[in-house]
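Down below are the structures I want you to see.
There are two complexes below, and they share chain A, which is joined by chain B in the first and by chain C in the second.
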Partner chain A sequence: MNSKRRVLLKGTLAAGTVGVAVGAGVLTPRNVLAEAREAFQEGSMDEILKSALGSDHHEAGHVRVEAPNIAENGAVVPVSVESDLDGVTEIAILAAANSTPLTSRYELGEGTRPKISTRIKMGETSDVVAVVKNGDGLYSGRKEVKVTVGGCGG
Partner chain B sequence: MNLTRREFLQVLAAAGAAGFTLPGTRPARAARIPTDPYEVPPGGNISLLHFTDCHGQLLPLYFREPHVNLGVGGMRGRPPHLVGEHLLRHYGIDHPSLHAHAYTHLDYTRLAETYGRVGGFAHLATLVKRMREQRPGALLLDGGDTWGGGSATGLWTRGQDMVDAQLRLGVDVMTGHWEYTFGADRVQEVVENDYAGRIDFVAQNVTDADWGDRIFRPYVIREVNGVQVAVIGQSFPYTPIANPRHLIPQWSFGIRDGEMQETVRKARHEGAEVVVLLSHNGMDVDIELARRVDGIDAILGGHTHDAVPAPLPVKTPSGGTCLVTNGGSNGKFLGVLDLDFRDGAIRGYQYRLLPVFSELIDPDREMAAYIREMRQQQVTFEGETFPMEERLGEELAVSEDLLYRRGNFNGTFDQLICDALMEQVDAEIAFSPGFRWGTTVLPGMPITFEHVMDHTALTYPAVTRNEMSGRRIHQILEDVADNLFNKDPFYQQGGDMVRVGGLRYSIDPTREMGERITDLELNGKPLEPQRNYVVAGWASVQERPAGDTGRRIWDVVADYLRDHRNVAIRHLNQPRLKGVAGNPGLGEA
Partner chain C sequence: MSSIRVRAQLKDGVTQVRTLISHPMETGQRTGSDGKKIPAHYITKVQARVGDRHVLTAHWGPGISRNPYLSFEFEGASAGDLLSLSWVDNLGESDSTQVEIA
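Let's look at the complex of A and B:
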């Protein structure tokens, strides 16, 4: 049934889809750019935000973060970020308790819907914070994701 | 000193004369009932029969309900966090009585000797048939944890014993949790072959980890007496965390309340007039879900093994009502929900959580024969071939005390497992998982190998021996306590507190993570955060557990029992409790 199709899809398209998204200019993960390297370093949330988005002042609101309550696998935690703001140019996703809090940063082309789905790595229980930038400033949303030792259920 | 059936009926007659009551949806008007507690006239035109968390228990057994089942925050004192007399008072049940014995731990040994064993699929089958005769078109829903854990024959046959029993029982719809610990391939194999066209396996919250496609159908619509009834499935949301993820590496779970709302809308759009959720969330999660999602008429719940006599009506976001039930465990109960659906709406309902007292119900001959023959077969497990019945019947030791597991903290059977671990693998501290399955052994009864398997049978049985720092031990206790006592039910995993041997501690369940566990001690001395201690454990969720001793937990416990022959629990290592005095989820042992 279904599962066979999934296996096929995985084998043939997985690499291709990512390539298409970047190639079409929809997403430009900044971590491929040398000048952004300093944002992906150890530091406090505020320091990282300053170097990633130019300011650490952000207002809560207009950003929805979706992530599991408890991570199934801390190495690949699925996170979705969506904003209802117009003219969003950049989105940064941070795991507050990680030693290098910035997990990824995106520049959006004009007219792109501000919606990102990605996987992040988390070492321990933490707020996942998404900060979006438009002409008016920075806005943020957050969601706590627990990372537990596991076992001992039901 | 079990009673014969005739004597038992006399006991019941006496109980009836003494004002024996059957709890229902209107506890205040609970009627005196005749001597037959299974005489339940239908209360509507749509009937849903529900059992859950039977944990592969095909034969009648003893199962003691907990004396500690604490609720914190908004859950304090609210069902299911009521034990003993608090529960009886809330539901208007007399004590002693058949139902008081079914729902509580009170006078457990004495009443178990009087009323006898509970459950058993041959007895359940008779009861199901009787309910179906009175309720044409009734659906039989199985909430999962049917293949195990805690079943030897389930483990040895990869769940086939239960699959065949479910088909004979006539299960219509099911969802899962421990089924997944047999691996994704095995689940798919059964769903695509044995269950095909017979049992609908539904789960709205299991998806492909990369692509997000659903693995199973989210719901099924069945016509019941001319009414379209949707049954949505919800598997245990934290399966890849509480159980080994490597067994289902490509499947993702979670509560997914947003998707649940979409699923309800879709089912309604497709023509469903009644929507029920067959859930393995656990009762606190179900109650919270009912508050967030519109359009579900009833949640037939399991996972937390709560024997809740009456549904809890919960107000949904748009002001409707969702009935939330939880159906107990181990085949001990059959839930019967009758809905009176007329002119496009539910006008009334009746619910019974019927205890399955094996002495009071004639076994179904066909099912009894199936179980007997299945158990007499040879099986090959991990390269060894042996007759199942013979292996299960070995009497390892005699218990001087009542042995049970269920409860927030160490039960006496857990103590036995921890003692066995410490002695057999030479450790100062033992950890044993807070599973809610595991049968009860009465004082003076022989402890058989089957009893040991009732408490240990699972697909990841490795016994481990590791050095851990005092700080790490403390962190583990805090972590597990937060899975149990988090004030937000969506963060609860539905197990009980990890059982400990050697170590002593205090716990205040009402505090926040990192502040609940204090006063850690070993042999009268405070646990040193920097020092390393030797810790034995089992059921690691890691694919290659650190410190694997190469021994399986049932062998360790069986060897310990063979060495001792007589077992007494001299010290039940329960933590000192703080902050919960007067909590209705706390009773005397």
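Let's look at the complex of A and C:
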């Protein structure tokens, strides 16, 4: 009973803090709620990376992107991303020429390997770029995919 | 029937997870046969956990293909542990399932 009360208190305090921050204009409600979704908007790669991973500065290397050289159907392009870095906490996969370049972003728990495979849509021929984040910063890899029939509109 | 098909296989201490989800992943950009835009309908978040442990959270946009495929690997689970997988989409629909790590 006592511990429940503490949890309740903690929750109330935490809610209060966020409330104050919102009130002070530090965090607008839009920021709080839409932050994650914002990265899935139209924009340049740099803008998208800033909102998805907090920085647009990334070093090339330590990230391998596997994807077909030619994708006949841009609606289904298999992509695998793997990194040899330790302590990777996040991975973002972008299709550089898509109107909304960010396809997906992954938060890795402890013990989860920096290795993700999925299938993405590509509107036209471009690089598939993967950016991984660890304690040292951002690292990226890329692979060009030639798209015969775009898979976004239509 | 669940919209999620998932397999979790343990090999040399590493659990490999492969999953397929039935979902239209509509971008909101396509035009239907009636000439109207097909409204956006896509999964925004997929979560994988083992018990209380967070394994992976995927944030997806409409750039993920229809009937999404996702695979990932993690360490530290034992055979018999339950992996739970859930998704939620932009319309608030959701689904979840559990699979025993084999």
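By our rule, the second predicted complex is superposed on the first by the 113 of 154 C-alpha atoms of A that agree within 3 Å, B and C clash if a C-alpha of one lies under 4 Å from a C-alpha of the other, contacts with A are read in each partner's own complex, and residues count from 1 in each chain.
Please note the rule applied: a residue touches a chain if its C-beta (ideal position, glycine included) is under 8 Å from a C-beta of that chain, and two chains touch if they have at least 3 such contacts.
Here the structure is a predicted model, which is why all the values come from computation and not from measurement.
S.K.: Answer with first, second, both or neither: which of chain B and chain C does A:112 touch in the superposed model?
M.R.: A:112: touches chain C, not chain B.
S.K.: Quick one: chain B or chain C, who's touching more of chain A?
M.R.: Of chain B and chain C, more residues of chain A lie in contact with C.
S.K.: Is A:148 touching anything from chain B or chain C once the two structures are fitted on A? First, second, both or neither.
M.R.: First partner only.
S.K.: So, A:103: does it touch chain B (first), chain C (second), both, or neither?
M.R.: second
S.K.: For chain A, what residues appear in both contact lists, the one with chain B and the one with chain C?
M.R.: 78, 151-154
S.K.: Considering the complex alone, what residue numbers of chain A touch chain C?
M.R.: Residues in contact with chain C: 36-37, 39-40, 75-78, 95, 98, 100-109, 111-113, 115-121, 151-154.
S.K.: Flag every residue of chain A that touches chain B in the complex, lowest number first.
M.R.: 1-3, 6, 9-10, 14, 68-73, 78, 146, 148-154
S.K.: Would you mind writing out the residues of chain B in touch with chain A in their complex?
M.R.: My answer: residues 145, 177-178, 188, 192, 208-211, 213, 215, 236, 238-243, 245, 252-255, 282, 303-304, 433-436, 475-476, 479-480, 482-483, 490-491, 493-495, 498, 539-541.
S.K.: Under the touch definition given earlier, write down the residues of chain C that touch chain A in their complex.
M.R.: Listed in rising order, the residues are 14, 27, 29-31, 44, 53-66, 68-76.
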